[in-house]
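We call the chains A, B, C and D, going by the order they appear; numbering starts again at 1 in every chain.
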Amino acid sequence: MIDNGFEPKILAFCCNWCSYAGADLAGVSRLQMPPNLRVIRVMCSGRVSVEWVIKAFSSGMDGVMVLGCHIGDCHYIDGNHRTKKRFVLLGKLLGALGIEPDRLCLDWVSASEGQKFQDVVTKFTSRVKELGPNPIVAA
Amino acid sequence: MDKKPVLVVGGGIAGIQASIDLGSMGYKVYLVEKTAAIGGRMAQLDKTFPTNDCSICILAPKMIECARHENVELVTYAELQEVEPDGSGGYKVKILRKPRYVDIDKCTGCEECIEKCPIKADNEFNQKLDKRKAIYIPFAQAVPRKAVIDADICRYITQQKCGLCKKVCQAEAIDFDQKEEILEIDAGAVVLATGFDLYDISAMREYGYGQIKDVITAMQFERLICASGPSHGHLERPSDGEIPKSLAFIQCVGSRDQINNPYCSSVCCMHATKEAILANEHYPHLKPHIFYTDMRAVGKRFQDYVTRAHDQYNVEYVRSRPSKIVEDEETGNPVIYYEDTVSQTVKKKEFEMVVLCQALIPSVSHQELAKVLGVSLDSCGFITVPDKLFNPVDTDKEGIFACGFCQSPQDIPDSVVQASGCAARVAEYLAEVS
Amino acid sequence: MIDKVRQIISDLLDRGEADAVLALANEHGNVQPYLYKKGDSLDNLVLWPKYSMGPIVQSIQNADPALKLAVVVRGCDDRALVELAKRNQISLFNVRIIGLACTEAEAKECACAHPYPRSIDVGDKIDGIVSSDELAEVSGKDYGGRLQFWKDAFARCIKCYGCRNGCPLCICEDCVLEDDAWVKAGEIPPPFPIFHLIRAYHLSDKCVECGECQSSCPMDIPLTSLYAMIREEFSGLFDYMPGADEDRKSPLVTSLEEEPIREGTA
Amino acid sequence: MADVRVGVFICHCGTNIGGVVDVPSVVEYARALPNVIYAENNLYTCSEGGLASIREKIAEHNLNRVVVAACTPRTHEPLFKNTCEDAGLNRYLFEFVNIREHCSWIHMHAKDDATEKAKQLVAMGVAKVQWLQPQQEYEGDVLKASAVIGGGIAGMTSALSLANQGYEVHLIEREKELGGLVKSVNRLFPTNVDADKVITPIIEKAKANKNIRLHMPAELKDVKGFIGDFDVTIYENGADNVIKVGTIIVATGAQELKPDGFYNYGKMDNVVTQLDLEGKLKQDKKWIDDLAGVTMINCVGCRIPERTYCSRFCCITAIKNAWILREANPKAKVVVLHRDLMAYGVEFEEYYRKAMEAGVLFLRYNLDKPPQIIGKEKPEKIKIHDELTDSHLELPCDMVVLTTPLVSARDNEAVSKMLKVPLGDGMFFLEAHLKLRPVEFATDGVYVAGSARWPVDITESISQGYAAAAKAAIPMSSGKIKVEAITSFVNIGECIACGTCVLACPFNAISVVDTDGKMHAQVNEAMCKGCGTCVATCPSGAIQQKGCTDQQILCMIETLAGGL
């Protein structure tokens, strides 16, 4: 990871049944990760409002992750279908406004993918570190 | 109406489902599990067919729901010792609780003891592909997530030496003086859900299991390809730890043959197809071959799954029953000799890894169980269901029912159906008896 | 063009196919919505593209739901009515649409990409303006450039809610942008980008390209370019144009089976 | 915030947390957070000692909010919620902060960062707990009565089981008699018992059972309501009749495919389906004597692109009938052509072997070289290509039996619309979860059994009948359903009844209703699963989720953003 002294603030929304459980498994397996991440638990990734993520970026978060169940695995049948469409769209809207879409990570982690949770978080943290501080509040 | 408690034997998916249903109907349930945690065979699987759901993801919520159900009491690391009819349709049962040497009320599953324990043994959960300590938790998501000491190899219990685990345990949960206990209950009815074991195929010398390193069983494959397995999901060959460049599955190993087991184990065609798909998904260069006799994709959406395996995942189905596997002198790889029935020619083909779909046999605990409960077993060792056609879950003893693989080869959904079926039959029986 | 419209209006009223026709009229020197009844003189009729009829239909129907209404609309109004109907704000059952296609000049003035209704009663369909120089300029910039452009633009925002109030599809009774938890009261301009990005997201499956937001904005913030970019992204992802199809539900609400994301875009 | 008094309990979990996170400094930090009246650390908060301490401190400091920072809520949240409840505090005024799996265990070599992170996570938890409201769990009544739609073997099994458990059952059958498909079957595998001899007593039991009200013939017209309170409208002897039940079991069965267009079916005599053959065998068996040869062709009209599935037990039906014909006339050449012989399990494999020993010839054929029937009005010979020996055979054959799959019943579509339950592949009913909830629908209170869900044989139909009965008995046994208070709720004043949430809900739990002239969305708490998808689609926030309102999450984001 590039160490330019900048430690990004990263927020992740995890769904209770899959990605949160995957994060738990990463913990149980002692998979070490950068400490920048803070997790908020929701019952389904379908509950994550796009407006929350916009508020997070406005308030200075450097990166936001939305992690749900794989499509087809959703505990609530197809709650995560909406998640996928909403946050693919938000990525595009951020780009339109000049905010690097790479600051938003949309991914799917199952309850048995502790390793994947570690990979996704580590890669995203270094990517946001590369991008630097949140330009909205910086300038 | 004070409902009599119900005894469920076997903590796999069928036992778990029966316990949840009975508990939710208001019955007190004692779920007796031979090993230290519930979850059964399903906990060892990586994915399940035909949806490729991650097995533990759909099993863990059920395990937690069962363990925390107000009407269900888990009795793990325990076996039935004595069962006597109580004269009013129920059974007086003595359950032998084997000593864990760990107080499960105090243990928090923090694994400090496991790190310090110096003694290692084959890890049965991972099909002996790696080691576990003398004090261990069966698997990462085990329910209850409590440690247990393997008395046979623990240096303190066998030679009063070491005791490191007790020293590091801040919860003071280690208790070397723990004795076996007897739990007595008067059960209104019994549900058997003791599941299956894996047929020992090392005796089948023609396939070289146990001699040729890279000939493994399907369950070993499941553990290798599983993210929480010994190799974290990397399909590492036992011989050199490399990823195989070619892969084959052989069906009906020990099944559908008059010497070993005459019956069809019903699930191997589908789990082989699943494993082949997973192999190709993880390593797109792989063109898995499946050597089969009849591709029995009989369940819901199974046939589409097989078609997708062939069309999208490069799985090649070869209709043939291989005669033998020989180790190639230079490469050490397994070479399969088989008659390709379509072209009527005898061929041999080298593979870097061969997976044997071994027969699945009724749980070895059935001999003991039959004696204790007085239920009879059929010629293959399954629990007898006298009128299979119209009473598919009733055994030949009143008030004793059986569901899942212990009474006939079947997959997870059918076992879950029979488990709920047993719950209904128990409710009927208890209503009739009272 | 205007005579043809007059003819249609009088036929509808005479034949009783409509109890009233909503159109624009020049009354006492200013152009305003007017409800023609049978026998009214049509001399004061005016054809002018820049008046959003959606909210007017909404208030008429709230007052008299059973009224058999005809309304003279441009492409954007037609689409606005469809989206309002989709959200139960109006019913198109009693509404007879008289579709006017905008002229070349009118389309240019609004920088409108679809200057025609679904079915055209009067006027000819012309190709819309796909991009304006301002839009081209912004989309040409890299992220840093775009960010600076929009920061400067929105720095002028005085949070007068004009864009929201003018928009025919901003239909909430209680807008989150007035809620302190989302946008602190008294902070002018509102912290970038929360105000305008939340509204942009809310309108991403509703915006019908009527341009009311920019024309209501006292600070000349280039909102039509912003919403043009958003519409482009949205139709790119879901092949969905708000107001084009009464029966097609918004992709943001439905499952992937009902409204999938287009291949290669996600 | 009216008089919020927060208690914070931070766990060491032995060294699991304490070994990495400086717990005492987090406790110090927590004391300074808004409205925190009391904060302490425990060696094991989940131990008896820890729980006792929580109960004492709630009473002692009359705390009305509790935050526990320890392991993962997924396993321990209920334990702590129960502890709060035991101390008289509403269990929903509790927030769990994960500082083990999500902090100490994954930052073991960054102790300061881990401590800083733990402090922030606790701050976020304390911020959210201020906005939590006491909740009562919704308790709906469940009528102890069930409607079973379909009087075939699966439906009768469910009806009898529920009746024997003491529940009132309404058994609704469209035809004039019970029994379904089994009535038209001659013998039953694998015991070859006479079908009528076995099915008739079950029909009599169903008719005689005092808890079963038989509605026959009766047509299902409409279903309203939800789990515990369904209104099932049926059309019976000339009038509509509304039955009030708590649960519904769909057992509408399936039908045999009549394979028009395959092997001259319908155009040539003596080209019949297995079901046709069963009918002939039920009448008399004399005609078998003058049979020279019979060829059965399996997988007709299935495992093809138009109908991809295998219908599971038709191979066994073919074995049964081939064996019966063979035993009735040992001279006749009985051949079964198959594309895989699906004799799964113990009994069927043995049945298959015995049929072979009885002289039935099993040959494997391939779709690209199908058998050809030779004959004008009726078959005389059949040309077969045997895949295994790659040779052509010509056999005497004066009857061809086509083994066809079960296909979904015609009225599945109508029933699915009435019950608002989905159809899946092949227009069969789509269960809640293929592996672990095979007899339930996503909609609570509605269950399915038998071939209505997917082709299954009699034994499996009966097992599913019992399973569906068990599932229906669960809510009816207590007469109550309790729903965790994480469901959505609508602020009527703010709602413009735009219906967006109605479309977003995966469970059809929301509808637009009129209250004193104001149209607005309404959440049916019995059906809402608490996923929150509706809340995220509502632009104005008129609909919110208990325990996860926008306010409760925004203040966590605010705390985090302001924190560093």
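Some points to look at:
Rule of thumb we're sticking to: contacts are C-beta pairs under 8 Å (C-beta built on N, C-alpha and C of every residue); 3 or more make two chains touch, one makes a residue touch a chain.
Values in this document were obtained by computation on a predicted structure and should not be read as measured data.
Chains B-D form the pair joined by the most contacting C-beta pairs. Chain centres here are Cα averages; for chain B and chain C they lie 61 Å apart. If you average the Cα atoms of chain A and of chain B, the two centres end up 36 Å apart.
Centre to centre, using the average C-alpha position, chain C and chain D are separated by 44 Å.
Multi-chain contact residues of chain B (touching two or more other chains) are listed as 51, 53. With touch defined as above, residues shared between interfaces to two or more other chains in chain A number as follows: 21, 28, 50-51, 55, 59, 75, 78, 82, 86. Shown for chain D are the residues that touch two or more other chains, namely 74, 504, 506, 537, 550, 554. Taken as a contact graph, with one node per protein chain and an edge wherever two chains touch, the assembly fits none of the named shapes, being neither a line, a ring, a star nor a complete graph. The touching residues of chain A, counted against chain D in their complex, run 9, 11, 16, 20-21, 23-24, 26-28, 30-33, 35, 37-44, 46-52, 55-56, 59-61, 75-79, 82, 86, 118. Interface of chain B with chain A (complex): residues 46, 51, 53-57, 60-61, 140-141, 226-228, 232-233.
Across the interface of their complex, chain A is touched by residues 72-74, 98, 100-102, 105-110, 113-114, 116-117, 120-121, 124, 442, 486, 504, 506-507, 529-533, 535-537, 545, 548, 550, 553-554, 556-558, 560-562, 564 of chain D. On the chain D side of its complex with chain C, the touching residues are 493-500, 503-504, 506, 512, 519, 537, 539-542, 550-551, 554-555. Put simply, chain A touches chain B in their complex at residues 17-18, 21, 25, 28-29, 69, 72-73, 75, 110-116.
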